[in-house]
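Letters A, B, C, D, E, F, G and H name the chains as they come in the text, with residue numbers starting at 1 for each one.
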Amino acid sequence: MNEKEIRKILKAVESGKASINDAFKRIKHLPYENLSFARVDHHRHIRQGIPEVLFAEGKRVEDVIAIARSLYKRSRKLLITKASQEIHGSLKIRNAVFFPASRIILVNGEKKKKGSVLVLSAGTSDIPIAEEAAVTASFLGSRIETVYDVGVAGLHRLMGTRTSLDSARVIIVVAGMEGALPSVVGGLVDKPIIAVPTSIGYGTSLKGLTALFAMLNSCVPGIAVMNIDNGFGAGCLAHKINMV
Amino acid sequence: MNEKEIRKILKAVESGKASINDAFKRIKHLPYENLSFARVDHHRHIRQGIPEVLFAEGKRVEDVIAIARSLYKRSRKLLITKASQEIHGSLKIRNAVFFPASRIILVNGEKKKKGSVLVLSAGTSDIPIAEEAAVTASFLGSRIETVYDVGVAGLHRLMGTRTSLDSARVIIVVAGMEGALPSVVGGLVDKPIIAVPTSIGYGTSLKGLTALFAMLNSCVPGIAVMNIDNGFGAGCLAHKINMV
Amino acid sequence: MNEKEIRKILKAVESGKASINDAFKRIKHLPYENLSFARVDHHRHIRQGIPEVLFAEGKRVEDVIAIARSLYKRSRKLLITKASQEIHGSLKIRNAVFFPASRIILVNGEKKKKGSVLVLSAGTSDIPIAEEAAVTASFLGSRIETVYDVGVAGLHRLMGTRTSLDSARVIIVVAGMEGALPSVVGGLVDKPIIAVPTSIGYGTSLKGLTALFAMLNSCVPGIAVMNIDNGFGAGCLAHKINMV
Amino acid sequence: MNEKEIRKILKAVESGKASINDAFKRIKHLPYENLSFARVDHHRHIRQGIPEVLFAEGKRVEDVIAIARSLYKRSRKLLITKASQEIHGSLKIRNAVFFPASRIILVNGEKKKKGSVLVLSAGTSDIPIAEEAAVTASFLGSRIETVYDVGVAGLHRLMGTRTSLDSARVIIVVAGMEGALPSVVGGLVDKPIIAVPTSIGYGTSLKGLTALFAMLNSCVPGIAVMNIDNGFGAGCLAHKINMV
Amino acid sequence: MNEKEIRKILKAVESGKASINDAFKRIKHLPYENLSFARVDHHRHIRQGIPEVLFAEGKRVEDVIAIARSLYKRSRKLLITKASQEIHGSLKIRNAVFFPASRIILVNGEKKKKGSVLVLSAGTSDIPIAEEAAVTASFLGSRIETVYDVGVAGLHRLMGTRTSLDSARVIIVVAGMEGALPSVVGGLVDKPIIAVPTSIGYGTSLKGLTALFAMLNSCVPGIAVMNIDNGFGAGCLAHKINMV
Amino acid sequence: MNEKEIRKILKAVESGKASINDAFKRIKHLPYENLSFARVDHHRHIRQGIPEVLFAEGKRVEDVIAIARSLYKRSRKLLITKASQEIHGSLKIRNAVFFPASRIILVNGEKKKKGSVLVLSAGTSDIPIAEEAAVTASFLGSRIETVYDVGVAGLHRLMGTRTSLDSARVIIVVAGMEGALPSVVGGLVDKPIIAVPTSIGYGTSLKGLTALFAMLNSCVPGIAVMNIDNGFGAGCLAHKINMV
Amino acid sequence: MNEKEIRKILKAVESGKASINDAFKRIKHLPYENLSFARVDHHRHIRQGIPEVLFAEGKRVEDVIAIARSLYKRSRKLLITKASQEIHGSLKIRNAVFFPASRIILVNGEKKKKGSVLVLSAGTSDIPIAEEAAVTASFLGSRIETVYDVGVAGLHRLMGTRTSLDSARVIIVVAGMEGALPSVVGGLVDKPIIAVPTSIGYGTSLKGLTALFAMLNSCVPGIAVMNIDNGFGAGCLAHKINMV
Amino acid sequence: MNEKEIRKILKAVESGKASINDAFKRIKHLPYENLSFARVDHHRHIRQGIPEVLFAEGKRVEDVIAIARSLYKRSRKLLITKASQEIHGSLKIRNAVFFPASRIILVNGEKKKKGSVLVLSAGTSDIPIAEEAAVTASFLGSRIETVYDVGVAGLHRLMGTRTSLDSARVIIVVAGMEGALPSVVGGLVDKPIIAVPTSIGYGTSLKGLTALFAMLNSCVPGIAVMNIDNGFGAGCLAHKINMV
């Protein structure tokens, strides 16, 4: 252990067995290990609140189960994204809730909800990604409100959410196809907006690239954009902003 | 002339100089020329109103001048798209007006304006393409109204055009960047909408491809989409629809 | 209800219970709701004829059934696009006809057919999309004629449709592969043409992008282009133009 | 003015000159104008701090000058992005500072600086975009710290900024080429990170698309991504988050 | 029938029942039908040898069977490309041979083989497309030689085919991955070369686009390039050149 | 010289100075040089008629002049593609003709013209590339006919070229924008067609990629496709086919 | 055999049966065969160590089995990449080990391991490709060390591998998503680095293109990049460098 | 200074002023600074030989001059890539040699040349990039041989380089257009090959992407690929491999 080594060097100095020069040289050559153990502590602090999240896509079911149980044991909290019915069935953790559309498994999560994050979706097909964002931010400790199916082709629906728009600290806007909703919302409020393009659409939607590019080109300055279908990322960012 | 030939064959039949079999064979072998003369007449009818249009891009100035004068002589009308100050200077046709932003030269045009075409632009940078569409449709004989700078980031500006939206028979919507305006307009009216993406934007606007793809993916069904920066095409289509 | 609120304010003014200043302030703060109720009426008018259409792709069968029945109840008309045999089997609405190639379910539709929309397809593989366009426009109330398999490699087949070309008010041209048919048709007539690229082809057809781009670059000015495989959109636009 | 109109209607009701039914109908037909005047006020609030920003790209110098002076007159503040030496020369506003690399013209800006925004750049070539972000956020009222040239190929340089990383509320990371810096920074802190890809690089950098896509795919969840070279947008978002 | 109509008109002229003017007008209005019947004859001539080819991809089995039998009845020859075991099983035409890798069904074909077409493949995975080209050209009447697995990574294999290279009139080169073989072959001979890219490869092979683009950029001038995996087209072109 | 070496070895064997074993070993180790001198002869044969062609793009003027003069000295023939006025001015070879649009410099060329190559262009903007193809094939010894501006939007113009279509052995079709002309020509004749996409067009023409992809996806089987703007390659291939 | 032929010619010269001129001509016409036999020997040397590798993708199971057994018989070593459980089950070679994640079948391999190749993976999902690289290099005779899951979001994990980094002669870095790890490793060591992008990621990872492009744009000069998921190629290159 | 801090802590331990526990805690919190000073030393070692390289693209001339002089002062060696005549003119360092085609400025460089790096170019237009690679590797201390213009269309030229191929330790292959040369070279030798795609070509060469993708898809396993036109990177990697 690095801790041991440093303590040994310090003891040698204390006991006069090592000169300061010698001790300095030995400490100087330990930077990486040094960093290594430092980072473990620091790391835990950094990722405070997110360590219990597991991305299941492309992992074997048995591996997911093993990691999930180990994570759960530590904190009695757990969030698995891109999960499956099969994982949920094999997990055997009480209170584990499975959201089939969003493919999320949730166990407990932060109890005290703070601040306010509003999650909007343009269409009904965008709801799974919106839900992924909402569950994530809620799991991390943000208070959540969701309003779905308020796409730009029927502005009156969006206008009906005015109170929600006004009371949120951060707004997540989930939209596929032409990805126009973040621009319209951005014209109505002056708070941070997180845009999540979805792969909903066909032909020139290019599996979400068109919505992504449209959001990056919004005529409203300063919209935060996520990767396609990345509801989880949006939830994390919203929570971080909400906690600023 | 083909007409002469056919008449000659018919006369030969009438006068008994040719058998029906011989005459049939000769006529049978004329299909292309046949089509050719038919098409000349038909063609003139088809393109009624558009023959005096000249696309100047990639042509040498002297060639443009020569064709333009010849076109003008026939009908005393002329429209040159993607023109230049230099062409305008050398053209020497009275009444020739040059629109520098849109790079159009206009001489006369249809005097009687019919119906009603509304041309909207999202930003001020989109105005040259919008103007190209407006001048084209007007040249062909459509009555035109233009409202510029009504992008989605400030919906109240668009809302202020409600009377115009209601009274138009066809609406041309010109927008760059995220190309969201046609969807919003399409949610407000039930008449034909022609969307023109522009190359305004940078980075992921991909020189207009993003706006184009967004318009093709509009959540409003049935929006007609043009090539990038193709104001001329939008003017032609709007006029054709206006004349239905 | 908003109407009630405004009437209440007006009554208060009428009865002297509220000053004009107070009444003004209260009305001023209602814009969205105001818009909202306005839009409801307006909206119904706008989408007149299209409200009974349901896009089934990516929705769960039970949800599609539920929405479909609710839509059908309102108007005894229904159109489901991108449907499936399974949906048709579970729908249990009399007269519901399923078009397997086009994946459309049709119930009734507008009885009075007006005007004239011609639907052409380049190849036999393009027929499902052409049929989607034709069924849609017919459902909305347009009189429809369809001519299939008239691609550019055999011009004589197209030439045989001359009467149809001449009598239509709007023409929908459906083509995959090189997408050349709209240009050729556009050289023969002077009426609005709606081009629908299909994903038919392989290799550099790029799932329809090549046909799409070819149509947007047509040497015939003013062709309206739809998203890839968007027969439904073409049917909507054709109907709107047919009704101008 | 709409206000006048509504007051007139209310007066007519008060004076008994108009029935409630008539008054209601007249008010009902004003929703857009209603919204319009509402939005003017609201809009000013929304965009509080940003109205004096002008995007000069693609606008004629004389137009930029005219708009800039009008904006400046209102608030004695002004920010012009993508400006030029020529614009600066013609502007004739005292205190106007031109940043040639970032192509920004700054006049005054918010005096009270709040919170803390850290701006990092990976390379020296990324500095103009980083500076654009920093000037923007500062103009809007955020306290700014900048550390440049801390790319991932020399981690020790980044490690030397630890105090800055720890004290910032929001971090903007500007990087071209492989765009790796935001991921590394994201592994060190748990605060909101805004990643700005630049067009620095050649070949497969694809004018910044590679850096953009890399940032959107970061293994650190919840990084906010901007369009390529969009330092201005990053400055706006950082300020909004800083003000939450 | 058009022939009948024209003969009727001619008879009317002959018998004096129609004036030349009337007859001319009636003939003038028949151009398309005129073309139509002309094209039928001409068309048969044009496509001489190819009419019995059927593209099965994307067609229902029962439709393929029906068309195939009708084609076969006319000429006792048949070629079905992109076919399946199922089609072959249901076809019930004696002598029908199925090539499973190339997915071709062949019945008879031109008996007299003329000229000489050499078909090379770079790898063993390219053989199905090479075989498709070879079977097609042979079916149309070209004499065929095939040499497979002579890719550029082992030049000695290619060098061993020198006699074949020298005696062929046309050479088809089928290659996936980096698509380099046509350039090397083109450096060795001065006869027409037809390059067929295949979708063999992964990652940046981009499903054959890389091989396609490489072939179009060959440093050997004048190589004819086909669409990806288009062995059939290569066979047709080789036969046409072989017959010049 | 290798020839010398081999003769020396053979002489040594003849005179008994070298054993067969020694001679064999020495010859065995010469394969490359062996190939080398063989290839020189063979190479000359292979490229018969093409050795005097020089591609000037990206080469310095002085280098082009030097190589050009050396090539010219050998055969008194010369073709420089992608040349410039400056090169022509400095070349100082009598009879050198410069084609400014096609950027070709031609000196003499094969005098005896054989066979027949028809070159068609869709638009007038495609003429430079068509001319490049025509001059190349003519230089190599093919008899050339050119017909320009016969695009698909006016089929009657194409129909007027029927005699030319029928008498050619090979047809080069040059087209930009949607690239539809090769398909239409391919439906009319059964001879080899070489399609050359041009970079004419804008927006989704993608600098010629759309025309290229459309041609590769032609519904007419067996069209030979060239790289974008590669008139020179088309001329080479046409000549090779013409000489088969 | 060519050797025989040459010896025969030499004998004829020796015995005076052939003149030097005749002998020269006959030898001159043998270049390719000459090359051919030269290349056989050379070739064996060149590919020394790699001949027993078989790429199974896209080949039929029975073919793979046949080739594999033949390869194995020659050298009692065998490596099959992109294999399957089914192939392993049918192979019936003792000691054949199947790596299911990497889809490799290994039989024996070089016993003496030399030098030192370090294989790093950024995430756990990248392990199959890393393992493919490691197994390949080991099979060819390189000593291998593997360290997995040391992505840039947790630098301390990477720092913990310092001894491994320092002792390796070549380092393979396997990473998907944003592909940043090679740049960070490249900043820590001055030895050859081979970067392998994987298709891990979604949305803008573009199936590995983003990681590939990021690696090609690394700010660390001189990183060797492989095709997406090409662990086998990385193993080959690492071994070649390790053996320099 | 960190050194000071650590010495202070050690002194406090030595003098008994601090307990080991306290000292440990204070050292534990210094990891970054620790790393920082460690890395400076280490870093110098790492980049040994490359520190004097400066990338001039996109930097202002005066900045380049300043950095260059500072670099030169340290080691009397200097390499500037993507330089210009103007920089060379202003540099005023004796012995500075400017390579105009490669845009490199070289001052001195490693005197002792070791090992052997062979640089091949496919065409004459690829020479500037090949020269950039050669000058770089030579500057770093590798012995260099260059052979240019040995493209695949004339294999005999490549075959003439056999001795060079055999004697090199590493081979750099520079090629544009179809990028086929690395595959052919890779079939002839079993040593590390570094492929550099160039942007030479037009149309579907896509500014070098096609050559890049072709090289990544080479049928020869284990070719190291560089970014487009990245001769500098190839020189660095070749030197690193040469020094293994």
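The criterion applied here is as follows: contacts are C-beta pairs under 8 Å (C-beta built on N, C-alpha and C of every residue); 3 or more make two chains touch, one makes a residue touch a chain.
The shown structure was predicted, so the numbers you read here are calculated from the model rather than taken from an experiment.
Asker: Under the document's definition of touching, what chains do chain A and chain D have as common neighbours?
Answerer: Chains in contact with chain A as well as chain D: B, C, G, H.
Asker: Taking mean CA positions as centres, which chain lies farthest from chain G?
Answerer: In terms of C-alpha centroids, the chain at the greatest distance from chain G is B.
Asker: Quick one: how far do you have to rotate chain D to sit on chain H, C-alpha fit, nearest 5 degrees?
Answerer: Roughly 90 degrees of rotation.
Asker: Averaged over CA atoms, how far is the centre of chain B from the centre of chain E? Could you give it in whole Å?
Answerer: Centres of chain B and chain E (C-alpha means) sit 39 Å apart.
Asker: Using Cα averages as centroids, what's the distance between chain C and chain H in whole Å?
Answerer: Centre-to-centre distance between chain C and chain H: 58 Å.
Asker: Let me have the rounded angstrom distance from the C-alpha centre of chain G over to the C-alpha centre of chain H, please.
Answerer: Going by mean C-alpha positions, chain G sits 24 Å from chain H.
Asker: Could you list the positions in chain E whose residues touch two or more of the other chains?
Answerer: Touching at least two other chains: 31-32, 35, 38-39, 154-155, 187-188, 203-204, 209, 212, 216-217, 227, 230.
Asker: Tell me, which pairs of chains are in touch?
Answerer: Chain-chain contacts present: A-B, A-C, A-D, A-G, A-H, B-C, B-D, B-E, B-F, C-D, C-E, C-F, D-G, D-H, E-F, E-G, E-H, F-G, F-H, G-H.
Asker: So in the complex, which bits of chain A are touching chain C?
Answerer: Touching chain C from chain A are residues 124-125, 154-156, 159-160, 162, 200, 202-204.
Asker: What residues of chain C sit close enough to touch chain D in their complex?
Answerer: 3, 6-7, 10-11, 13-14, 16, 20, 23-24, 27-32, 34-35, 37-39
Asker: If you look only at chain H, which of its residues touch chain D in the complex?
Answerer: Residues in contact with chain D: 32-33, 35-36, 38-40, 43, 57-59, 197, 199, 207-209, 212, 227-230.
Asker: Inside the complex, what are the residues of chain F that reach chain E?
Answerer: Checking each residue of chain F against chain E gives 45-48, 50, 53, 169-170, 187-192, 194, 212, 216-217, 221-227, 230, 232-237, 239-242, 244.
Asker: Where on chain C does chain F make contact in their complex?
Answerer: Chain C reaches chain F through residues 122-123, 151-155, 177-180, 183-184, 186-188, 201, 203-206, 210-220.
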